[in-house]
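Before anything else, here is the set of structures, which you'll find just below.
Two complexes, one shared chain (chain A), two partners (chain B, chain C).
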Partner chain A sequence: MNTLAIDHPAVRPTRTQLGDWTAWTVMAKWGGLLFIFLIYFPLAWLALMSISERPLSGIPLPLTMDNYRALVDDTRWVAPFSISLLIAVFVGIVSAIAATLVGRHLPNAKRSGLKLLLCVIPLFVPGMSMGAALFIVFRAMLGLKLGYWSIIAGHFIWAFPFGLLVVLVLTSRFDHRLVEAAEDLGASKLRTFLDIELPILRPGIVGAGLFGFLLSFNEVLRTMFLRGTSTTMPIYNWTMAASQQSQVPIIFALATIILLVTLPLLAGVFWVLYARIDKS
Partner chain B sequence: MAAVSRSALSKSLSRLRPASNTLVNLYFVLWFCLVIIPLLVLFSFSFFETKSFVTTYTPTLNTWLSLLDSGRLTVSLRTLRIALTVTLIEFLIAFPFALWLAKGGVAKSTQAIILALLTIPFFLDLSSRIIIWRSILSENGLISHLLVESGLTSGPVDWLLYNEWAVHFGMLVTYFPTMVLPIYMAISIIDDALIQASADLGASRKDTLLRIIVPLSLPGILAGVILTLGPALAAWIEPSMLGGGFVNLLSNSVESAYSALRYPVVAALSSFVMLMLAILVVALAILARRFGSLGAVFSTLRS
Partner chain C sequence: MLEIEGATHRYGELTALDNVSLSARQGEFLTILGESGSGKTTLLRVISGLEQPTEVGKLMIGGENVVGVPPSRRNCTTVFQSYALFPHMSVAENIAYGLVVRGISRDDARKQASKALETVRLPGFEDRRVSQLSGGQKQRVAIARAIVTRPAVLLLDEPLGALDERLRLNMQNELTDLQRQLKTTFVYITHSQEEALAMSDRIVLMRSGRIEQLGTPSELFDLPTSTFAAEFMGFENLLPGVARSVDGNLVSVALSGGSPVVGIAANPAGISQGDLVTIAIRAERLSHSDVSRKQCRHLNTLAGTKIDQRYRGKYSDLDIETAAGKLKVRTWDNASLPEEISSVSWRAEDCIVLPTAANRKT
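Let's turn to the complex of A and B:
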């Protein structure tokens, strides 16, 4: 037995391990894909149930457009929707600008690791804790009246790290010889930035802005603490879903519309980002 | 020669943008005031207490001691148990999946699509994503309907919703991407040559996994645990929408303290979540040191 194993040290064990390994690989693959399915199946189901006569039942049939008609008739969602849209646009623009500013600075900065850590801390702080912390400073400590401004502050803190990471993907590979060449050829700083840096960084900046927009548009936990008396779209969804069953069909319809706008937008961002990264 | 020209280059670069540097430094100061100071204030606020709806600003441990009250302690322990279970299951599914995705010979374009599919959920409204599970899991929902139709069960199934299992399930689906993505990033930058060398030197696949891949992906595993455990400890939407009032977690305690204007309790509970997170991460890091030192990993990654 022993001599046999020594004579063929590699053959037998490798074959059996390979067999085990294949089983593991299959399990690993399908386990993860199952979870991705579990993430996206509810979205498809949501869209289907939004055109169902009985949205909370197990069968989508019979189909109807009543929920969308109810959505048009019921105007209570319009105000929170527009407010969310405005806040999200603002947060998106500010995150894009801030991410560009810091993203250009970090790759050549002193102690860039520490600075990066400082910037991405909000990713690691649970939304509830960050919301409570800002609430206590703004309301309990400083006694300010909460409103749109505090929602924007909370959303910006959440959105900025994502935007920064997206911009950093491009700035950390940026070739500074391009800027020097422009300087040598006598271009002004503004020209250099507009004609050289901006076109190269544009996908990252646009990505940062869109991420900021979407993160803000869908934010719940921080908004709950920072909203004062104002209501955003996700808060409206949340209170309606929690308290009034009759409102749920309208929420399904609204959520479906938002998904139909959001998903292509995101797919576009990722397509541009990955295409650009593969090229560079 | 090269070193000299590089330092000269960086000097000329820093001279180029003094204006933008002041702006960036100003931004960092502002950011510090907006992020770090509130977290410190949150922590210090937990050492105050509330008497007849007014916060008294004298240092005391009463608020922290009140967390040990029987009711709140049960809630804290339950939250900890559920969050740890979710994180563990998440890891067991995410690590093999990330390994397959990064080193399993998956085409670049497939990788990009899967990564995009895993990133997109961050930007979708969580409450509508969670509430739809009600129409799938409830007594007259999809699964119950299918089970009855197929004759597998005699009556409607009512144990799929409004209990702890439903909360676990909702959290597992929500936090899967936060566990996969950091682990994937850590594994994907491991040099294939290292894995090949390990195989060439006669290590079994198990040895390669435990002595090369796991130690080198530790930073990713730690990040994944932080990013999953944190939100799981503070989970708000899943327990209230899928627990139906039967599963009280820390977020419910925070909500009731918040509406009762007991801000020091809110502060203490929120700090408690972050403390738990910190303690568990430090414990994991110490445990990880048995595999290989984290510092060595970072220096390998840097080179």
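Let's turn to the complex of A and C:
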């Protein structure tokens, strides 16, 4: 027999006071509750104020539907709203497609870490800097007339990294042996993509699209530099809220409508996508 | 059914497959046996088309030349080691997939999938999700999916590797039954010599991208042609020696310590007088008792003493020190293990004389 290689004395388990402190759990619980309150109370308060007669007073009562009526009568917000919607849908679709194309190849690419970093750097570039930089190139250097196209370009650069990260969650785990199995069973490359890859990656692709939509729909900083003379919904809301006190109640109503439409819609999409996947 | 000539495949500098040629008849169960890294999986991928070989002289599947043909148009399917079942499809959809992509209607494909499920003894599993299946059930679904298109050649990549032992033994029998029933050529990859022996018509033993030995299970088991094959097929005792004379397939060998023994060679022409050789003997073919076996023409005997003894349940292993080296003796009679041993003996036909790798000219 060899002499015993492990010749130091037995090492007993040690215990750090902080590591076993049960108060962490309690703190997490109350911290979480506070956080949830911080998210939902202002939203609920906004909705309440949108049906208040004097929304700027801070007192909700008496209630009225006047603000909504004023919103319906005033049609100036319809054009920027539609434009924002269209741009957001377009950016969402383009982000989803681009993120899928890049996300499928990145996990197997050479020097994938560096390439990923280059793709997601826009996440860390302040919106103002990115907007100004694009403005200088588009307007000053290339002398182009800014408009919807430059807004879309700016939004896409902003939304793409998010979409890519969402798609990568699935593509980096994607089992390429499934593709081989499908080809082995007689499926062409196109059928393999449509029958195997697309359904499995679908949650990521739709997620990328949703991120693109939301990020674009909300965007102000980059839009300010890139809009030329065009106006989007956030820009319109911001200018209205900043310049005319009388418009603020309408903005409250508008914000509430958008919230009531988008929140259940997004919740529904997420439920369909992810709750069903967990079950299968 | 399957014919390969001169297949070579390199991954960069690494030669995974080095000029391999083999063939399989209709309905043959051919096993490719080897360690990991021996090139057996590469060979399978070359056959299925998932890997295009660097060079190949001829590659025929079911009478068709498939050099350069993509995997989707080859008349063979693969049962993958990881099963590779499609997680977003039901069991029936998985099995029917090969039929659906061939343009068969979904109804007909589903009917055939049900039949295939019966063949692999999983009737009624059509609408299960893949994630609800156990390892053994996934295995059966993977087999059903691969056989439902009736390929000329079925490729199986270590299909039983992930199963527990009892299930593995059952599946071995089921696979051979299935193969007889379908009369399909099976090309089966494994690293387990036990699986290879139990199931195959012929075994291809691979080593470093080459075929080391090709033969029936009993040829590989009883008459290996190299020390590598002998070790791989489980010969416990390998002793060095020098060939003294060759007479037919009988070779006289002087072991170190001078003891003369007689053994047989698979390829006596490769051994000449004075060559360094290795003799290989299975532990269970060694006998520690002095009772001579009268029917033997040649009985080799070495004096030795017992230095260790290990109880293994069904049998016991004894370590015997002899002048030529240490020998392991396996005895099935646990009841009457002797305290002392004076010699070990074995028959010439159980003693395989192999050319020592050093003077092999390849």
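The criterion applied here is as follows: the second predicted complex is superposed on the first by the 229 of 280 C-alpha atoms of A that agree within 3 Å, B and C clash if a C-alpha of one lies under 4 Å from a C-alpha of the other, contacts with A are read in each partner's own complex, and residues count from 1 in each chain.
Just so we're on the same page, contacts are C-beta pairs under 8 Å (C-beta built on N, C-alpha and C of every residue); 3 or more make two chains touch, one makes a residue touch a chain.
What you are looking at is a predicted structure, and each value in this text was computed from that prediction instead of being measured.
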Discussion item. Per the contact definition in the header, classify A:A187: touching chain B only (first), chain C only (second), both, or neither.
Written reply: second
Discussion item. Looking at A:F225 after the superposition, I want to know if it touches chain B, chain C, both of them or none. Which is it: first, second, both, neither?
Written reply: first
Worksheet item: Does chain B (first) or chain C (second) touch A:L86, or do both, or does neither?
Response: neither
Practice prompt. Using the superposition on chain A described above, determine whether A:L114 touches chain B (first), chain C (second), both, or neither.
Written response: neither
Item to complete: Identify which of chain B and chain C touches the larger number of residues of chain A.
Response: B
Practice prompt. Using the superposition on chain A described above, determine whether A:L178 touches chain B (first), chain C (second), both, or neither.
Written response: second
Worksheet item: Overlap of the chain B and chain C footprints on chain A, residue-wise?
Response: 180, 183
Worksheet item: In the complex of these two chains, what residues of chain A are touching chain B?
Response: 9-10, 13, 17, 21, 24-25, 27-29, 31-32, 35-36, 38-40, 42-43, 45-46, 49, 55-59, 98, 101-102, 104-105, 108-109, 115, 118-119, 121-130, 132-137, 140-141, 153, 157, 160, 162, 176, 179-180, 183, 189, 211, 214-215, 217-218, 220-221, 224-225, 233-234, 237-238, 241-242, 248, 251-252, 255, 258-259, 262-263, 266-267, 270, 274, 278
Worksheet, complete the sentence: In the complex, chain C touches chain A at residues 48-50, 70-73, 77-78, 80, 82, 84-88, 97-98, 101-102, 129, 131, 145-146, 149
Worksheet item: Which part of chain B faces chain A closely enough to touch in the complex?
Response: 9-10, 12-14, 16-17, 20-21, 23-24, 27-28, 31-32, 34-39, 41-42, 45, 55, 93-94, 96-101, 104, 108, 112, 114, 116-129, 131-136, 138, 140-146, 172-173, 176-177, 180, 202, 204-206, 226-227, 230-231, 233-234, 236-237, 240-241, 251, 254, 258, 263, 266-267, 270-271, 273-274, 277
Worksheet entry | Complex interface listing, chain A residues touching chain C | 175, 177-178, 180-188, 191, 195-196, 199-200, 280
